[in-house]
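Heads up, the next two complexes both have subunit A, just with different partners, subunit B and then subunit C.
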Partner chain A sequence: MRIEKLVLQNYRQFRHAELDFSRTAGNDLHIIRGMNGTGKTNILNAFNWCLYGDEPHLAKDSQQLPRLNLGCIRDSDGSQNEEVRAELWLKTRDGNYLVFERRESYRVQGHDEHPLVQERSFEARVTDAKGNIKILRDEEAAYCAERFVPRLMREFFLFDGERLDRYFKEATAQNIRHAVFELSQIHLLENLEQKLDATLKDVRREAGKASPAIEQSRERLDTLENRLGDLDTQRQACIDQVNLSKDKIAEYLEMLRGVPDVATLEAERQGLGERRKQKEQLRADKAAQKREALFQSGMSIGVWPAMDQILQIIDQKREDNEIPPTVDKGLLDSILRDHLCRICGRALDEESTRHVKQLAEEVRLSSAVLRELVNMENALRLRADTLSHFDAQLREMTSEIREYETELDAIERRKNEIDRELEGYNIHRITEWHKERQNFENARDTNQRKLGMLDAQRDGLLVQIRALKASLDKELKKETKLAQLRKEIGFCASALEVVRQTKHSIMTQTRREIESETKALFMDFAWKKETFRDVHIDDDYGIHLMHSMGYDCLGAASAAERELLALSFTLALHKVSGFDSPIVIDTPVARVSDEHRVNFGRVLLEVSADKQTVLLFTPAEYSQDLAGVIDRHSSNRLELKLSSDENEARVEVL
Partner chain B sequence: MSDTLINERIVNGLKLHCEGDDAMYGFLLDLAYREAEHGGQWRWKAAYRQGVRQHSAEWGGFDED
Partner chain C sequence: MSGVVDRLSVDEKDRALYDRLESADIFEGRTRKEQFLFALAYAFQRGVRRPMETREGFFLAKDLHTEDRALLSAVAAYSDDSLDVLADKARVFRIAEEYAHAGIRMIVDEIESTQYGSFEKRLEMDFHDRWKQLALADN
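Entry: the complex of A and B
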């Protein structure tokens, strides 16, 4: 199905506009260029309003404005209703025309007031190949629009290019699961499941009225099944949280790629500061110890010759047996002076006097002096010993001080390195990113643990439910009058099981098909084909872009590569869904860096070879290089221009 | 453009998992179409209950013991 044209009357900036989307060139590519405010996004809104009656991409300033064109309000004299109209002309593959037309008529009361809606209408005109026209209105027309693009899936056909950038950055798993749900109409099966479950409970309740035993089992079963439902809700919330945390961790890792680990470096710098203080203190203590040793030993060194001589005298006296002293010279002198023995009291005779004199001459030092020498000997020897080791001690202390200085130098060098590494970075913001990443890692771990506990509880609960169902069935069998109800319960439970199995198998099958298509398209489109090996969507709907080296590189992919993956995924959804509708993208390369815009342009060109593609660019996006690649292949190039009073946009063909 | 209200996968999936149980398949397909047709609020309780009553009567996949 193709869009042939879009006709707007009094719709927002467009007083009257007709946008032609005929295929006139090799590619079904249609370029609409316009400055901000000229109504590009409102073209996207016009498609939505015409088909579904709402405007999901309305900018904040447009939300304050009426849908009816401001110029029309200004020119209206209020005598008749003014009308907003959007017409979307489509052509099916079998040559039928389908025209959707939505109208709203307004009564304009005053130029400054919002006009009031008087009437609304929506119709679809189907013209077959023979020229027969069938007109469908309101609900029937809405049903027809659903067959063009289902409302719930329109975000994959009519979207803002920014969405491509966000798609694999925010809640990826939820996005993919949502897409699979919408694509497979899983909501329909969920409705069936919920209502069958409620019906089963009703039938059991009916049976419960027949016997207290049945009622007791039923009540218990209801309680356990409700608990199982709660557990499943909690499990899903946990899985969502784990996936969200994984996405966020990948996002922060991407932001922190090539950025120093500020928190660790800051902690290291702080640690280095503390170590420096300790080492400086140790160096100061050692230097003081060395100074004290030098001071103490310096005095000893000055008197060393005298000390050495005294020790030599002591050694000599010891050799001469004068030490320890055996004779008191003072006593001998006193005996000779008084000629009286101080020991026995006898007067000295001549021989005794001579003998004492001889003794006194032999004793050259007094015993007091000798005792003094004996007393000082130990101290002198200790000091002499100390002095003999002083040189070694001094060298050791000097070496220790040098070691401290070397360590302090190393600390200073590392601090300087850290300072250089952190230079130019916003340390506060990076620290916050690290903290956030850590928080998400903690959240992921906590939820994974919780999930494990919930799984164990769920397994236990399922065993109890199975036992209780068997017990309920046994009770039902006892009551023969309840045979029909028992059969209805069995039928309803089996139907519920079929719906659940169908739901699970469809989701798995759809996920695998999307995975396979996404991979094929991405590998075909990718400009760095050697870099990537695989695209994988896991059971929890997480998407993984596998590098040729074997690791998941989605987090490290450039914005252009990520958008390319999102575009491949979107086109895979189109193919798997069977809805062969056009794709309309507002600002498709706004987030793509200049170097990749041309590559992305080539991909969009390739897409438009088989699928009608409408692209709305700002002039800044639509660079000369990009235009050089796609201009000559495009079927239509239109430009939106605003009137001088900015109330009206007109469409010019380029 | 899709010609049917229900995704073909659902129709095939239900058939596959009913494993030849025609009463069950007929019942579920009927309900699936009703869900697709109504979309919003509808008096589903009576329809589901009636469907169970009617289709279970001709249902063979039941242990009568």
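Entry: the complex of A and C
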């Protein structure tokens, strides 16, 4: 089935618009170009509104506006109802038409007030081969729309291009499980499972009335099964968290690819700052020490000839035994005081007294000098000794200062290197990324540990449940009057098991089919054929893009490659679901870098060879290079233009 | 010359020169006594001694340690070429003051000269050359 045309009347920006999607070229590709605000996304909404009655892609500012065109409200005199209408013309493979039409009539109360809905209608007109038209209304029409694209699966057919970018970034496994779940129509089996489970419990409760032992076992079994249910819910939440963390870690790793490890470098820079302070202090201390040595030794060097001379004199006097003094001044003083020679015992005469006085004066003088010399000696020898090491001491200190300077230079160089490395990066943001990545790693580890614990508890619980069921069976067998109930329990339990296994096998089979289709499509579309080896969807519905070197590289893939994988996955779902409906993508390459837009354009061209593809672009997105690749192959190129009062959008054929 | 001298003096004009020494690292935080002794040694090494025109107390003699006194005495004995001066403290101080008076002017001129390299560097080289010249390593 393909879309032939979309007719809009008074729908949002579109007063009267007819968008033709007939196939006129090699590719069933239809381009709609329009500036922001011209109504591209509302085309997507129009498809949804026409088929399902809602507008899931409505922008925030549009949510405040009535669905009825503003120009229509302005022109209305309120005398009659105004109508919003969307008509979607589809053509089946055998050439018959299926037309969906949704109408809403409004009463316009005033130009500034929201118009009130008066009437709603939805119909599907089915034309058969003979040209007969069958009109289906409301529920029947809705059922017909479900056959075109099921409401629950429309997100895989009519979507915003940003979704392609987000698809494998946000809760991948949840998305995939959801897709497989919807596709497999598992909810039917789930309903059955819930019903059987409730019936089984009822029958067991009934049986419990016959015997207290059975009742006890049943109650216990109910409790354990409830606990198992809780555990399964917790397990699923853990698995979701682990998968979400893994995706986020991969996303942060991608953002941090080639970006320096800021936290480590910052820590190193701080460490270097502290080391520099220490070294500068050590250098300053050593320089002060050297200055002190220079000052003290400098003085000694300056006066060295005087010091040397005195030291030589002292040495000479010591050699001549003049030091210590040989004459006892105390003896001379006592001779003079007593006028008696202490050596010969003779009394001193006048001449002798004068002679002794003169001798005493000479001794006094020479003693003072000698005493002074003795006092000076140690100090001078100490200075002379220090001076003998001057050169070596100075060299050692100079060399130590140089070492500190070399170390300081090295510190400065490394600091500059770090500064250069960090130049141009938003350190705060990168640090936040590192922190976030760390947080997700912690969350992943915590949840994995918790999952292990829950698995162990679950295994234990299953053993208990099995044992309890066996014991309940035994109790039931004892009560012969319960034969019928026993049969019913046996039947319900077996049926439940069959449903569960069926559900599991359908999910597994669908997952495998999607995996295989996704891989085939991705490998076919990928422009870097040698880079990727495999696409794998694991038991927990995590998707893995395997590099040719053997590692999972989804996190490291470019936005374009990630979108390509999402597109392949979406197309695989189309194929596996059997709904070979068109695909409508709003802003398909908005997140794709310029260099990959052409590659992506080629892929979309390839897709449109077999599948009707409607693409809505902004002019900026629809670059010349991209247009060069797809323009000539497209069946239709339309442009949306806004009127001067911005109330009406026109559709022009390019 | 005799009599009790309790302080060492500088020429009135020299005080300002001593204040200017602070601009060289080697004199940073030095006491007046240390500045004075360095100026003395600097001038003695260069054999320059100048009589003072005026005198004003610079620091007290009691601040001189034994090794400082030994240095002053050695200089005085060498300058007078007699040991007798050792018994005359006033003269020892006077000789020291005259050397310091000459030295402080030379040091300040040197510090403030435009020659290449810092004063400290030049001092280091000068002391090193002199040390080698005097062959003091064998002392």
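Keep this in mind: the second predicted complex is superposed on the first by the 514 of 654 C-alpha atoms of A that agree within 3 Å, B and C clash if a C-alpha of one lies under 4 Å from a C-alpha of the other, contacts with A are read in each partner's own complex, and residues count from 1 in each chain.
Just so it is clear, contacts are C-beta pairs under 8 Å (C-beta built on N, C-alpha and C of every residue); 3 or more make two chains touch, one makes a residue touch a chain.
Since the structure is predicted, the reported quantities are computational estimates derived from the model, not experimental observations.
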Query = Where does A:92 make contact in the superposed view: on subunit B (first), on subunit C (second), on both, or on neither?
reply = first
Ask   = Between subunit B (first) and subunit C (second), which does A:416 come into contact with in this model arrangement: first, second, both, or neither?
value = neither
Inquiry  = With both complexes overlaid on chain A, does A:488 touch subunit B (first), subunit C (second), both or neither?
reply    = first
Task = Answer with first, second, both or neither: which of subunit B and subunit C does A:394 touch in the superposed model?
result = second
Key: Touching partner for A:369 - first (subunit B), second (subunit C), both, neither   = second
Key: Partner chain(s) touched by A:148 [first = subunit B, second = subunit C, both, neither]   = first
Message = Looking at A:498, would you say it contacts subunit B, subunit C, both, or neither? Reply first, second, both or neither.
response = first
Ask   = Considering the complex alone, what residue numbers of subunit A touch subunit C?
value = 291, 294-295, 297-307, 309-310, 313, 365, 368-369, 372-373, 375-380, 382-385, 387-388, 390-391, 394
Key: subunit A partner contacts - residues on subunit B that touch it in the complex   = 1-3, 6-10, 13-14, 16-18, 21, 23-24, 27-28, 31-32, 35-36, 44-45, 48-49, 52-53, 55-57, 59, 61-65
List of subunit A residues in touch with subunit B within their complex = 1, 92, 147-148, 184-185, 188-189, 191-192, 195-196, 198-199, 202-203, 477, 483-484, 487-488, 490-492, 494-495, 498-499, 501-503, 505-506, 509-510, 578-581
Key: Residue numbers on subunit C that touch subunit A, as the complex places them   = 25-26, 30, 34, 37-38, 40-42, 44-45, 66-67, 69-71, 73-75, 77-79, 83-84, 86-87, 120, 123-124, 127-128, 130-132, 134, 136-139
